[in-house]
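Chain IDs A, B and C follow the sequence of writing; residue 1 opens each chain.
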Amino acid sequence: MDKSNGKPSKRINPFSMHINPAMFERATDEEKQELVIMRRSTSLWKDAMRRFRKNTFAMVALGLLIVLILFAFVGPLFSPYDYDQFNKGEEKQGPNLVHPFGTDDFGRDLLVRNMYGTQISLSVGIIAAALTVIIGSIYGSVSGFIGGRTDNIMMRIIDIIYSLPDLLVVILLSVTLRKPLETLLENTEWLKGISGLGAPFFSMLIVFALLYWGTMGRIVRGEVLRIKEQEYILAATALGAGRAKIIRQHVLPNCVGPVIVTATLQIPAAIFTESFLSFIGLGISAPLASLGSMVTDALGGIYSFPYRIVFPALLISLIILAFNTIGDALRDVLDPRMKK
Amino acid sequence: MENKRLLDIKDLRVSFFTPGGEVKAVRGVSWSLDEGEAIGIVGESGSGKTVSVYSIMRLLQSPGKIIGGSIKFDGQEITALSEKEMREIRGNRIAMIFQDPMTSLNPVFTVGNQIREPLKLHLKMDSASANVRAIELLRTVGIPNPKRRVKQYPFEFSGGMRQRAMISMALGCEPKLLIADEPTTALDVTIQAQILEIMKELKQRRSMSIILITHDLGIVSDICDKIIIMYGGEIVEYGPIESLFEAPSHQYTLGLIGSLPKIDVTEKEVLTPIEGTPVDLMHPPAGCPFAPRCSETMKICLTEKPPYYEIGEGHYSACWLHHKESGKEEN
Amino acid sequence: MLKYILKRIVWSAVTIFILITMTFFLMHLVPGSPFVSDKTTPIEKANMEKKYGLDKPLTTQYTIYLGQLAKGDFGTSLTKKGRTVLSIITGKLPYSAKLGFMAIAFALIIGIPLGCAAAIKHESLLDRIIMLFTTVFISVPGFVLGTLFVVIFGVLLPIAPTTWEDIPANYVLPVLTYAFYPICYITKLMRSSMLETLGQDYIKTAHAKGLSGFAVNFKHALKNSILPVITYLGPLTAFLITGGFAVEKIFSVPGLGRFFIESVQGRDYPVIMGTTIILGSLMIIMNFFVDLIYSFVDPKIKLR
């Protein structure tokens, strides 16, 4: 065999150079450690937040969201007008210095109305999402813990709900729940305070909460089942009260990741549903303004006052965009799978 | 009688240009392979064994690039060929089988379809004759009832059968070189043995050269004529199989052998794993790559790369311990 | 495979049944009866009572209603006097169907290639532009987009027709509005599905066999990647049916969607019920057909 075969690239020829014998002393551990670059060990959360902050789109979306929240909830404090204030003599104005978003046919300042509309959209979105988290978690934990046939049936119910055409059912429910809710609000003492928001507001929350908790339920149930396997002994020896504790201590912390992501993505879905319902007239009723109903109102006079549509349209899109981007970024960041 | 030199790799360097920096995966590697010879390339993840072999078929995923050295296959310089010319070699004159037969076959096409593909592409066979050949190939690797099997989908095959099907797919165009990337890692032991038998037969009967990538020293001794041990993108020890197992010389090789469970152990022996963390290939050390983890590190190991010292006929190890002055008995 | 199909048929039938039941009972939450309103004359009222058994217990009314449905009688409209719900629906459905069909075709023809291109040229400028575009526009609700289109193309550059006629020019903007969201969604779906497929081991195998990039992408990768898109066709049709509501209202298309909205606002309950049931059943049936197509493509189901 050819001696030169296979010998790798030139190295020092030990016989041609004189090597200092001292180099052949043992290396100390410190010298060895210098060559090993240690990686900063971080917890899952810190690592996730760090990656989130690196995502420019997500950070911009977060900033946008903060601006929108301020716009909606702090903005009205700076305006001399109220959302249902008819300012006589200032009707049908285009955007100007006094009314930056213009006025409508009744002289109401559109800037303030847009602000309140944003308030409503944001509130509906967040509350609706929160409701789905609560309902879903309870349903999922119960289903997972009981297990067996009951679990199967409960999951089937979710399947059925999800195979129904959701928007149709939403519309249906909105139509039918309106009257009963109105009577309820009128006749119940302790609800009087918030009844000003109107039956449609609550019917939307109920509708959304009724239909969309399924995903959350499945996530929590999956986690419960997984824990059940592991903590089986614990669960068996714990008494009834122990279960609730197990759910709180073990199940919920593990679900937090996917639950947060799903919740964040539910918000824009709820806002979309709300604005859609308002658009077709099933949502917030006058004199309250929702961004969706403002689009409908503006549609009528679109050729004469095109600007009236632009503001609520943009606001809805921006809100949904912000939440979607943040939700997507959270999902990327909390994904336990290793990225290549 | 000398066999023809089939593959000649000289000073191969491969790097990945990631957003974080240049990862020097392979840093000057040379070896060769004759016709009918089988070579085992052993190392842990990150040693560069997979990258160096994938470079032979130019199957590096971006951002990987061959940045230096030469790869001569059957007289042709691989690094100089166009992509089109490479495609004529792949699946045709060099074939490759992969680690996980579950995922290496496309689930939505029949096995027959996938075996026929290279036959139609490279040998320009028509569907009918390709099908006949596919059935024959399945029979060669010992799959019973090949006429029925050829129409089935991968999920209808068991793990071991899938790997056999992959081998038959690789053999279709009678390649001169078969590359096997951890072909038995995903299979259980009894199936492993069967697959290795098939490969041994191929080597003997068809004079097929084989490159076997693995981290399992046990398989290597079964099939291979020679073996290369890689660490940190470099070759640390290489040589004929008998010589290397009789006289393993590099500290890393000793560590590998020491971490193998032995069946004939009478006393309770503790498995000695190799301590430490793998090499940072973005800032590779100037000296021996194994220095931080070695138990016998000397000062020179940290700053100078050890040359290759001859241990036996064709058997070399790159370690400063072999140097006369260190006081260890080596020639 | 037959077992799978039968299972799906049963499931669809059960869902439709639940839909009808739910619609019926929900409608009766409204005080009074959905079949009569203040505008109903005493004679009509008497007729209704006889036909639907309005004085009988609710469950009996339910069975009567089911019987009527089976005969194809969805009731008579409260607002459009004298016209049966079914005849109104069949009159208006063609417009909606035309729009919906064109929108789906558009969405698939543009979305699938765009998604593939983005995945194949991952991280390139093209990919980034496509991702940016789709991410932004997926957040814009259909009715917002539609109204914006009217502002841009109807008011600022007056090139869009202002009143509805059944000519091709009138279809452009509605179909565009309709198709925007599906195009974005399908592109993203196709892209992520394709990316996942391209990362699979069998793609490595295909490359190792010497197949050209074209063959690898369009033979091996595409067939695997298209499965999620097919699955999406089901919800897509559902979306299009309901998305039509807004589009038709904005562009004054005399389709079923717009009429549905008007009946909702006008509290025309028989129409609401009938339309919900018909549209809902349509969606469920479409989902079933999509499942059918899927079972042909995925060999694991084909052979079970």
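Operating definition for what follows: a residue touches a chain if its C-beta (ideal position, glycine included) is under 8 Å from a C-beta of that chain, and two chains touch if they have at least 3 such contacts.
Because the structure is predicted, anything quoted here is derived from the model rather than measured.
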- Query: Are the chains arranged, by touching, as a line, ring, star, complete graph, or other?
  - Reply: complete
- Query: Which chain has its C-alpha centre closest to the mean of all protein C-alpha atoms shown?
  - Reply: A
- Item | Interchain centroid distance [CA atoms averaged], chain A/chain C, Å | 25
- Quick one: chain B and chain C, Cα centre-to-centre, how many Å? 53
- Indicate the whole-number Å distance between the mean C-alpha point of chain A and the mean C-alpha point of chain B. 48
- Message: So in the complex, the part of chain A that touches chain C is made up of which residues?
- Response: 57, 160, 163-169, 171-173, 175-177, 179-180, 268, 272, 275-276, 279-282, 292, 295, 298-299, 302-303, 306, 309-310, 313, 316-317, 320-321, 324-325, 328, 340
- Can you list the residues on chain A that touch chain B in the complex? 1, 5-9, 11-14, 19, 21-27, 31-33, 35-37
- Message: Applying the document's contact rule, which stretches of chain C touch chain B when the two form their complex?
- Response: 200-202, 204-212, 220, 223-224, 297-300, 303
- chain C touches which residues of chain B in the complex? 57, 59, 86-92, 95-96, 98-100, 103-109, 117-118, 121-122, 153, 155-156, 166, 169
- Message: Could you list, by residue number, the parts of chain B that touch chain A in their complex?
- Response: 11, 28-32, 234-235, 238, 276-277, 280, 283, 285, 291-292, 296-309, 313-314, 316, 318, 320, 323-327
